[in-house]
């Protein structure tokens, strides 16, 4: 059991962006990602997951701080203005 | 006035939405219902298409497409200048109104069947074709403002998006298999069609309720726009249908196609291709106003118009 | 004994549950099936209701409601004193048994149709109406103990909860559209009804299995309660139906309504309105004991009772 | 060549998958469709089984099982020695090919019905029975390499896994209720069967597309294996069916059963029981090659073989 | 890219409470929330998400420590006794 | 309001293992768990949640460090080699 300090980046954004965001994340060098379907409310209004409003996805990426920083920067620049987007990071111990 | 009981389910849905009932059609069921409707409509069209010579259809098809493509082009300056909307919003709304609504069309077909009036089965082909120029024109209209457009993604979405794919796929299967080959599927895709349309309208009512409740915030302009545009487009369709020598049923369906606004394919395509557009405006108008207007008043009016013009 | 093959699906579900099979009806499918059943039952009732004068029905309706409201009131002290249950639990269970079960009712209707026995279609109205006083009385009974009640939320839940809304909505649509207008929907809502009921019973069996396995923990009192209560309520319904001059089929359905216990609407309402009640007790009794008792033994017994009392 | 229009839906699904359309059948709908298919197939078999004396069936059943069990045993050394695959992979693939495919079988039944050719209804029993030895043998073959096997979990999976449970449950219900008792369910479970099979094939096409796209990575050996194995197994089935005195339809169905490879029950069982096997290989071969081969070419070939051998 | 230290409050509770909890959270001043459907087990037994047992929801709120404290206090007082409820907080860096 | 420092163990693995992993976790002494359905990509390829690929589940366990360590050790030994598996821990404040 060797625990490795890593960063967990959690991204909440619009379902419609799933393919695009996954492409961005992988092409920036992530080793993997985990997605769950979500709904929620923020500054862009309620996204209840009904079809005409669209729902949210919650993407988690475990990686080093540099990778997470790159992803954050890219998503902020490209999507924050026009789409619902929330990102936060937490330090985690990767157990592998 | 011709009344089609299936719209009562829409009213039940709106009621449930307005009183904030916990009634919800699960997303996966909604998906399944819409896959069913698209496939069924496509199959029905394909079977009927087999009765026509494709060559004969080329000229009317091109005309119907060309005139249909006028709608977003004409609508855009109205939104931009009269409505003082942003370029992105105007373009996105134009695309929604140039595009078509499968459910509105289905309610029109249901009415014709109930009234026992024949129509040209190949009208369903235009349900497929009209979507395409509308979305492309919408994006082109938006483009000058927004700079960067994901054309690749858009073209993919337009041609291989599930709506077009299922409609066109059903069309081809129905065409190849023919009435005889499709027979064992009839009970699912034809006999159950109206019942499933009823369930779909229930869900449409539920989501429309949220839009209807937000009407005030859209302003008088958008509300009037969402009622006048289908009427004018419907007249366009009626006149063209009559000129092309379509039957009363076919004329009414063409009017319905022109008059209907998309709330499935267009919103998804525009959210990606024109991100600066506010989806609440376009979906609100298309689903909250135009859709109920069409199924309650529009379709009976287009029917009356088709009968009227054919009396000459 | 009258045997209805549809209950075999319930047994299959119970078997699958007891052997811990991985068989699961996805939640969204369960939702869809129940939306379907509620709407279909409502539509069937509405179409039949149209054959009656509403005025004629007022007096029997009030009587049926009044007597039905007695059930939770009578049941509460039994639970409290004989069963030594908490006030909250007694009130919640009383509400479940005062309320009704759509699936039990449907199995009763299926049996009548299979035996080719007519019944008053408007019985379905009571499926809607009986829910309401039971839940309100349940909360009132619980109230003195728990202090704070979310009345607003409860009233909303009772009147606009999806069960009542779909039943009542279907009733109104069926009433307005009539047998003629509903015809194109028949194949979905009428002809498929029993098949879908079978699938629903499969799922009911799956969830009942978990409850049945937990029977021991409920104690002898609750088990006896869950068998004796429907029998007594069934007698009440039989006598009242006969006094009101209902047909054999109608009498049997009234007995079934009174005898059935809710496991859909009541649990949701009670979880919010009477939070101190343990849902495992009320759902365990209603779904794990009373429901299977009713579909296997109760309904044939109520049928026999209805025939017996009509032989006088 | 006998052509069954239902396979067009598979092609539409493959097309949608290859062009990366956003068309998706929601997982819960897929689940529901497969529950439906399994139950419906079981019910159909049960109703037909009631026409036979069970005792008469014992000998052919044992023979069909014994010969069917040969398939994984024969296939394993080929994979191990010729294909140079790991023990785990060889065992897992052997289990997949010894096991059977409900959808392939259903397409065979659909073809027979369309061609109006009778068959022994009890063939469906073997759909249930053949699964069992194949999975057990697969795990035994893998065992020597992997040491620890979750036998308990596997036996449970085999006997109470949802596929077997629904098939066997449907069989029993159909048998008990008989054609008369099942009649009100006919419209759901029999008349809608083919339409729902079409929707299922659409989804199969979607997932097969991903497998078909990955074909190159499987190597020539696996691709040839996935085409030759069903042909040889089909011959085995044809000869045995003829020797047992089955009708042309029954012979063809037995060939189809032997020739088909599982992609539902076997993958789940093998993932747990033989964790070291790479699921991409077995599912890729079974779903990406053998399944489409069977529905497009195999079934017509087995049909021709059955007719040919019966001409002697 | 300006990271802001914040608190992530994760709440696991019964599906039946969704509307009520969302009202509480927003009226206590949250700017948004994210919900995913969940199932699980705890001191109130198994909640497998089947209809008669009910399922769980997992609500995430990113906010400052004071807001999270207010929400925790309110939910504990009003729901902990009668409903399944689990709450925990983590420090996160909000990326906006 | 008494916050208690605890460890949150997040496990992402294959749906097919759900029953088995839950048994392991509970028998190692966990008081509860929360599961959400997920999809994702890692070294074992894409798990999109379609039936032939299988999907992922995301299990959360709140417990003390020792319990989490025990679970990690057991799952690593028994499942890491043959199944998709990601585990990471975060310190959290349990609010109860």
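Some points to look at:
Read from first to last, the chains carry the letters A, B, C, D, E and F; within each, the first residue is number 1.
Simple rule for what comes next: contacts are C-beta pairs under 8 Å (C-beta built on N, C-alpha and C of every residue); 3 or more make two chains touch, one makes a residue touch a chain.
These numbers come from a predicted model, not from an experiment.
The chains touching chain B as well as chain C are D. The most distant chain from chain E, with centres taken as the mean of CA atoms, is D. For chain C, the chain whose average C-alpha position is most distant is A.
Taking each chain's centre as the mean of its C-alpha atoms, chain B lies 46 Å from chain F.
Distance between chain centres (mean CA atoms), chain E to chain F: 20 Å.
With each centre defined as the average position of its C-alpha atoms, the distance from chain B to chain E rounds to 41 Å. The geometric centre of chain A is 34 Å away from that of chain B, both derived from CA atoms.
Residue positions of chain C touching 2 or more other chains: 26-29, 187, 192. Multi-chain contact residues of chain E (touching two or more other chains): 36-37, 90. Pairs of chains that satisfy the touch definition comprise A-B, A-E, A-F, B-C, B-D, C-D, C-E, D-F, E-F. Per the touch definition, chain C reaches chain B in the complex via residues 26-29, 31-32, 35-36, 39, 156-157, 159-162, 165-166, 169, 172-173, 176-177, 181-182, 184-185, 187-189, 192.
Those residues of chain F that touch chain E in the complex are listed here as 1, 3, 6, 8, 22, 26, 31-37, 62, 90-96. Residue ranges on chain B touching chain C, taken from their complex, read 5-6, 8-9, 12, 15-16, 19-29, 110, 113-114, 187, 191-192, 194-196, 198-199, 202.
Touching chain F in their complex are the following residues of chain E: 10, 12, 36-43, 56, 58, 69, 72-73, 76, 80, 86-90.
Residue ranges of chain E in contact with chain C, taken from their complex: 14, 16, 20, 45, 49-55, 82-83.
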